[in-house]
Structures are given as C-alpha cells and as structure tokens.
C-alpha cells in the first residue's frame, strides 16, 4: 500500500485541557488548573515569559511530565494515563534534538520503525517526508553536517512522517536567525494547513505567535490570562500584562470617573482626563490602566489645537529611525513616558526632534481600558 | 587594570598564563612533566623488568644470566599457561560485560535521577572503595560459603534447603571482581549519559519509542565512549587481579596475576614472572587497543569534528 | 652511591637527642648510641611481640633505634634481593627454607657466633651452618574442627568420606612442601627422609586427593578460623603457631599428629650482608636468643625455643615440642631445603596444573 | 523540568544493586560486634572491644594517619602532573599526542605487583629518595591514570565561547582561568582527586615493596592483622574506614561545595 503524506489529508485532533495542574514536589505550582481547547487543524500558541508554565503545559500534553491533577483529552479520550510513546504525537524541540548517531534518513525513519512498519515502506515514507521538507538530497548525511535550518526541517520530517494528529512545538525556531525563522514560520503554517495537523506551539516571542498561530493563549504564573485570535488579543488585551506582552503599549494608570453611554471618562494619576469608547467591564471608581498602541498616536507641533478628547503634550526625548517607522519617545509632565510610531512617509518636513515639545492625540476608540498590572 | 585590586598576583603571572593558554609549544610544556615522570618512574623500571625476562632464568633454584628465550618457551611448552591465559581472558571479558550490564541502571540513576538518588548511588559506590580489597573479598567469602550469610538467609527464609556451592568457584571470583571494579565502570558511563542532551531521548519517546527502545536505540549508542572506558578498565583490572582468585576461587581458578604473584613471591623466579607479566601486558594492551579503537572510531564519526 | 640523605640526617639528629636524654647508658653500650638498624620481622603474634616488647627494651638498653618491618619469609628474601646493591635491612627474619638460597646468592653474611654469647645454648641443629639461627620452632601437621575425629594416618585423607572437606595448603606456603613429602611417602611407603627425593614421581597420588579438597588456602589463620567455623573438617597442613593461638582462645580447632610423623617449621634470623651497623645487628640477634627473651617470646607465640635450658609452665608446654629430644621422639622432620629449592618451581607448576580447573 | 525520568522498576533494580554492593561490607561490619575471637556469621554476642582495640591501638592509628598523609600527597602529586597534562591533551594538537594518552593510562594495565618491585629495584640501585618520597612516587604513578581520565573528560566539556566572551569583556588570561575554566573543570578534577585518593588509600601491591616500618600504610597493617589471626578487629577497622569515607563525603560537600553526585556528571 502506498501512502503519500501530502495526499493524505489528516483530520487534526481536537485537544482539550481540563483543570490541568502541575505542582512540583517542592510545592511550587508550575501550572494552575488551566482549561483550554484546541480545534482540529488549529494552531494554538502558548505565549508568555519564561516560568509562566507554558512549557510545562506542553510537556504534560506530550506526556513528559505527569500532571498533578486535571485531564488531557484528545478527541474526547483521556490520554493522561498513556505513556509518552503511545500518544502518537509529533514534537519539535528548540535544539532540534536530532539523533546524532543516525543519518538524516534514519532520524526520519525512527518513528516508523518504532511502529513496526515494514522496512520497504519505512524507506519510502521517510524519503517522502524528506522530499516534503526539501532535504531528500541530504538523506545520508549525519545531523552534525547540516545547518540549523536544515536540522529543524529534518526534525519536522521526523515528527510528521508517522502522521501524528497533533504537533507540539517547543520554541522550535528560537535558535534560527530572523530571516530563516520567518521563512520557516510560513513553511510550517503551510505544511500544517496542507496536512490538516493540529499544532500547539510554545513561544515567548509574540511576533512568532502572531505569525504562526490562529489563536494565542497568553500565560502568566501558571494560569491562562487571555485566549483569543491573534488580532483580538492584540487589539483587546484584557490586562496591562497582555497589552505589554503582545506588541508595545503606552500604559497609563487611571481611575474611571464617569460613564456616559459608550464613553468612559478616566482621570490619570497625574490628573489628565482621557476618554475611551471601547468596551470594558469596569465600574465607576475602578483603578485601571489605559493602554494606547504607539501606532495610534498622532503627533502635532506644540500649540496646535487639540483635535479630540485625548491630547497630551510631551517633551521629545528620542527619535529613533526604524526603517519604515520613526519611533518617538516623549515625556509628559508628571513623568510618564510615551512612545509613538509614525510612518516615515508621513512625516513630511516637520520631524520631531529631541528637545522639542509635541502634542500627542489619539482616538477614543483606540483607548483600551485594561486591568492594572 | 589597577594593580592594587589584585595584590596577591605577581605581575608576571598573567603573561605567563597567557603563554600557557595560547601557543602550540605550551601544549608540549604542559604534558612534559607528567610524561617525564611516567617515563622515569614507570616505563623505565617496568622495561627493566621486561628485560629481565630475556636476560636471566632460574635453573634449579639458581639464577643464570645471559640472553635467553627459555622463559617464553616455558610459557608455551606447558598447556597450564595457555589454560590460565584463556581463563584470564574469559573472566576479564565476563567481568567487564557483567559490570557494564549492572553499571547501566546505576549510571542512569546518577546521570538522570534526582539529586537524592544520584547522591545515594555515588556514595554507595565510592565509599566502599576505601575498604581494602582483601577485606571485601573475605566479606564475599563470609556471604558465599556454605555456612555463610547467603546460606543462612536462604535457609532461614526457606527459599532453599541446600544453597548452591558458590565459594571456591570461578563464579565467586567473577562476583567479587565485578563488585570491586563496578564503580570504575559506572562513573565513565554516568559521565557519558550525563552528556547526552535529554531532549534527544525525549524526542525518541515522543516519536513512539518505549523507555526500553529509547535506551537501546538512543541512550546506549550515545554512551559508548563511557562504555569503552569503563569496560576496558574492568577488563584490565580483572585480568591483573590476584587477590580475588586466591581468596574466592580457592586457588582452583588461578589467573595470570595469581601466577605472577606466585613466581615472584614464592618461587623468586623474577625472570619467569616478568615473562608472564609481559604476556599479560601484551594481551591486555592488544584487547584494549582493538576494543577502544573500534568503539571510538565509530563514535567520532557520529559526533567528532564538531570542534 | 649513597649520598647524605634524610635518613642519615635523621640518625645524626636522633643520636644527639638520645645522647642528651640518656647519659647513664653511655657508660655501657656507648658504641651503639644513636645507631639505627632495620629489621625485617614477621607479621602475626610473633611480630607483635617483637615490636611491642623486645624492641623497646633493646632500644632502651643500647640507646639505638630499631625499625621493624613486617613481612613474610619470601617477601623478605625478595626485599634483600631488590636492595642488594644498597642494603637497607640489617637483620632479616626468614624461615630456614630460604637460608640456603640467601646464602648461595650472597645476600646474607656468616654469623660471628663468638660475639653472640647467647648462642652457646643454641641446639646444634638450629645454627644452619653458621648462616643463621633458629628463633622459634613450630610443628606443622593436620588441624581439625574439634567435632571431627582426625585420622591416625595421612593416608586416610584420601578416603572418599572426606570429599570436599579438606582445606589444602597452597604451593605458595612452605607447608606445601611437607604435603608433597607426605604424598611421596604414602606412594612409596618410604619414610619422609627418603620419600622427599621421590616427590617428582608422586604427583599421581597428589591428583587423587583432588576430589576431597574444598579449597587451597594461602592464609593460615583464615583457614584455621574457617575450620573452627565448620566450613571444612580438616586442614592439610599448617604450622602450630597459626593454630594454637585459636585453640588457646577456646575456638573449636586443634592439631593432630598422624603416625607417619610431623614437620618442623623453623623460624630463623639471618644477618644481611653489608647491611648498616653490623655490630648493632649482631647485638640484636644475640638479644633474640637470650633465655628470658626466648621464654617470654615462646610463651606468647606458643612456639618452642631453639635454645636449651628453658623451663615452661605446663599450660605453655602443652603447645610446644621441647626440648630437642622431644622433637626427635615426635618425629619432627626437616627437609633437605637445597633439594627442595632446586625443584620447587617444577613442583609448583605441577600443583598448579593439577588443581587449576 | 522533567519528572520521573527513571521508571519504578529501574529504581527498584538500582536499590537492589546498592544492597548487593553494600552486603559484603555489611556482613563484616556486623561481625565487628561479635564476641568471638574469630569472624563468624551470624555474629555471636555483642562487644565493642574490637573497636576499642583498633581505635586506641597506636599501630592502627599510626597506619591510618600515615595512609591519609600518603594518599593526600600522592593525590596532590598526581593532580599537579595530571591536570596540566589532561588540559594540554584536550586543547592542543601535537605529534605523539595519542601515544602520550596511551602512556598516561598504561599504569592500569601493568600488574601493580610488577610496578611495585620494579620501582623498589630502581630506587634501591640508585640509592635515591627516602621512603615517603618513594611511596608517594609509586602511588602517584598508579593514581595518575584516574586523574588524567577524569580531568580530560571535564576539559572536553569546557565551553570555549565562555572563555572568548570573558576575554572580550576584558578578563586577563589568569582571570579567564580562575573564573571561567576552573568552575567548569572543578567537578572533573574533584572526581579525579577522589578516585586517586581512594586508589592510593587502598593500595597494597605498591606499598608492600616500598614501605618500611616507619611508613606503614593501613592496607599493610590490615594484611599483617590477617596474617596474625582473623579476629573481628579487621571488621572493626573496615567499619571505621567506611565511617571515615562518609565523613569525607560531608567534607567534600560542605568545604568544596560540590554535591558528591556531580562526581560523575
């Protein structure tokens, strides 16, 4: 029977985590009762700073760590009691974890030979998988003779050759340079879509999460802070932590002083007034943080009349050229620092320079109210 | 740099050490003391001993000088020495194989176990090394003899009414040799396993390999450099052993080491003792070279060239 | 060849120290002041007594230093050989077996017996042609667990009823020669004195004993202890000095003396040729032969003295064959060591061939 | 990060193996308390007099202290010779490198009894060196392979990037050596030192030839005891040596701050 990986569309697994916890023997809580669902064929990124529990969660799914409590369901069946090697998963590691003593082909063939597949078929399917990652020519090399990108592609071929329904990725591209990483990200996405694989990805790199994943789960201190589509999380972070972890935000601590329909009026700790028309769940008097993305701030020379409710003057401390954008750092009276980015093409003649005072304005519908910290 | 900040170091030293860290001739300078030391205090005296075996022989209890090959002819004229040589090789090989088999679980416990387990295993392996081999051999004899601890336990627990006679057999010698040389096998294997990236093993398990298959296909092959060192140590040390065959073998299974000791201490036949020693050295050296050569060539193909 | 080394400095320093410390001794043995000799002694009870009693008294009497080093006969001979060009020992304790070898190889010097007044009481048989003196005489014979009835004759030991119950002495040890003489005597029916020359033809007899042998022992005390524990019935054979200390302490092991006779194990002392401070060495050897020293030494180690005229308590004499007339009547045999030494390598090879499986 | 790498069956197997390793020591240890003048199992009665005899016997004390001194000096010598050699063997390519590696490890192959007497013969024909020096040299010869082996292994693992990084940050070579290289090779050197110490402390075949009455290492003393009579004081000494080994572990962990478990990794 001839099996062709690229032909065979797999229906990716449906993954559910229910109350999944890991408490280490010292009493440290690694993961604290998280619930999460991944749809078939979906790419989910677990994003967070180191120590947030994302890797522990991934390793619990893989079976490399035994959960202290909770369930891991794949297509509705619990796999918690299944040993690692019976879970039929694929996994990519940050350092590729290729078997140094086996040729590229043998690395790829490993999973198949563990599954007792006939020899001829192993050879055929392994070569097929290598063709898929465009490394067929290097089949007889040893891993040490390959570049980092090639090694990770071998690892990918090794992980998908036995057609797992779920692919786990542990910071898979962290060791590659930026260019290679970007092309690998696209390659991975394409391959997953092609194969219909479900993927769970662990990363601390928000850009990677945004590029690769359909949905992002931001983790913090063993819990999931927010889950959602990449754009949704970016545009509507629920906390200052998420707002700052995904993209850059100007964060200003404030208090809600009044509400009028869609319009919330806030007063910053320095006494300035800010208007927001975005939805949020806070009540009058709540201490909150206001998040404004740098690209939503427009700058005008000092003294120009305010064009909206949200307007602040600040002293330019730095102007940094970033290729397409110019990042302007300003300090407002009271000490808060702001960053705003303006497209280089739009700067015209009047470019803010250090030492000048400029006026910042931003729309109320881009003023996001999030919980503090 | 402020001199006052490092008052204990004389000014000349950094330059000297810089010299040591770089440069090619310095490599030679660093190995020279040890090489010279061994040349003078090891190679030279041992060569003198070997020369003895072709320049002297004992005839009817009296030393005769002059070039001779008789000491070596004697080795081949009597099948006793051939038998003992075979036994020595067999026992040394068995000892290193058994020691390697037992060493793996212990080495894995050291390299991959928690700190508590690793500590327990290391201490249990190393601390007994301070107790003299003779005492440990008598310890085994107290366990293995037919009125000993093993028989006592077997009888008391009703497991066996007539325990097998182990003392004064080659088995007893093998048991004791494995016991005494096991730590020298465990340590290099543990070091080798410790050097294997754990994620490589994890990758194997995720790819569908059971713990056993992961060990056989990944951990074991990657630990071969440690195995080579440990097995060759166990082989060499067992081949030259003479205490265990005496005490536990009841002298029924002498090894070349036993014969050397006998020639030297009982018969004062140094030339013949030196001839047996030369035979032993050559055989052990040959086995080591072949064994280590095979393994390391294999292994350097996998991992070498990285540096 | 020797330069002034640390040991020489040490001697000087020590000499000065004892000069100041012990002025009274100056009067009598002034010549020995500050001198140092090294004596190779045996381990075991004998060595313990020499080190803890005899040496301190001797050092006090002569204001000298005696360094003792424990070893056994053949290792001690080997040390003399290895240090032949630059002797470090002055006196060596070795068994009579090695005296002819040491003499022929020029390792030892003839004794100035005229300077050793205590040697007057020495039985003639223990002066070894002037190249050494006896120190302690043991009997070599069978030893057995007291729950076992020992055989009257060595020949009984070949009986299948002893299968796997005999501990046989290793060719490494001197009593192994006695075993070979026994085997030759049984094979030929001749007395020991003649049988010893026919050992070469007696190895088929030796091989016949093999099924009865549990193991071959190197270490006498260990073997005696194991027989006491009942691991084997009988030991074939060992010197009384290793057996009787156990018997005296109440362990269930003792010796038996088959009708064919037993053997003498003669612990002796020799003077190392060109060893340091020969005069002091001779004085030390003389001290070893003095009656009161010999009496105490013998009672401690349960051996018989080589000198005449010592009275022993009944308790002590139980363990020794003394004086020389008693040795003769007990049939204590001393082999022709020169013949033995010339053939021992070949015999050992034969024994190895028979017993190694 | 990963828990339970070692499965339960392996864990049980390891514990069983440890039991077997300890047994031939535990049995003599039990016998050390036996109130009989010979070794017997099971022990009969209970007494501490063998310990008394060993602890307060001047000979046992002197031998023990001398063995400590000897093992210490031999280890230092082996380290002084072996550590630079191991470093050079890893770091430099020069002609005859593999021959020198072979030489460094060869004392393990030659029967110790031969090495011992060969040394005695040489020392005595040269009339050179006092007994202690001779013993230290003899022991250093047999300790050297263990040091070279462990230290070579640790030097192979040293991350050269760290050295370059430190040098770039302005660390002079001696600082690189003490701050960067030393911490990385320290466990290997310690492992070599421990094995060297143990090998020297337990050595009989070399000491047998080179020792004299004033320099009498503990294995010779033990053999002397065995020649004398087999009484439980031998068991008592072994028990004390084991306790001493455990004390040594504490010292290594507290003073050098290295977990004993890292000896191998």
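Order as written gives the chain letters A, B, C and D; numbering starts at 1 within each chain.
One rule holds in what follows: contacts are C-beta pairs under 8 Å (C-beta built on N, C-alpha and C of every residue); 3 or more make two chains touch, one makes a residue touch a chain.
No experiment lies behind these values; they were computed from the predicted model shown.
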By number of C-beta contact pairs, the top two chains: B-D
Longest centre-to-centre distance from chain A, chain (CA-based): C
Geometric centre distance via CA averages, chain B-chain A, whole Å: 53
CA centroid of chain B to CA centroid of chain C, Å: 37
Inter-chain centre distance, chain A versus chain C - centres from mean C-alpha coordinates, in Å: 87
Multi-chain contact sites of chain A, meaning residues that touch two or more partners: 64
Set of chain B residues in contact with two or more other chains: 138, 147, 202, 264
Touching two or more other chains - residues of chain D: 2, 39, 117, 121, 223, 226, 230
Residues of chain C that touch chain D when the two form their complex: 1-3, 5-7, 38-39, 42-45, 47-48, 51, 67-70, 72, 75, 78-79, 82-86, 88, 219-222, 225, 228-229, 242, 245-246, 249-251
In the complex, chain A residues that touch chain B: 62-64, 83-91, 93-95, 97-101, 110-111, 114-115, 142, 144, 155, 158-159, 162, 168
Residues of chain B touching chain D in the complex: 1, 9, 13-14, 17-18, 20-21, 24, 26-31, 33-35, 37-39, 41-46, 48-49, 102, 105-113, 115, 117-136, 138-140, 142-143, 147-149, 152, 176, 179, 182, 184, 186-188, 190-191, 193-195, 198, 202, 211, 229, 233, 236-237, 240, 242, 257, 260-261, 264, 270, 273-274, 277, 280-281, 284-285, 288, 307
For the chain B and chain A complex, residues of the former touching the latter: 197, 199-200, 202-210, 213-214, 217-218, 221-222, 299, 301-303, 305-306
Contact set on chain C toward chain B in their complex: 74-75, 77-78, 81, 101, 104-105, 170-173, 214-219, 222, 226, 229-231, 338, 341-345, 348-349, 352-353, 355-357
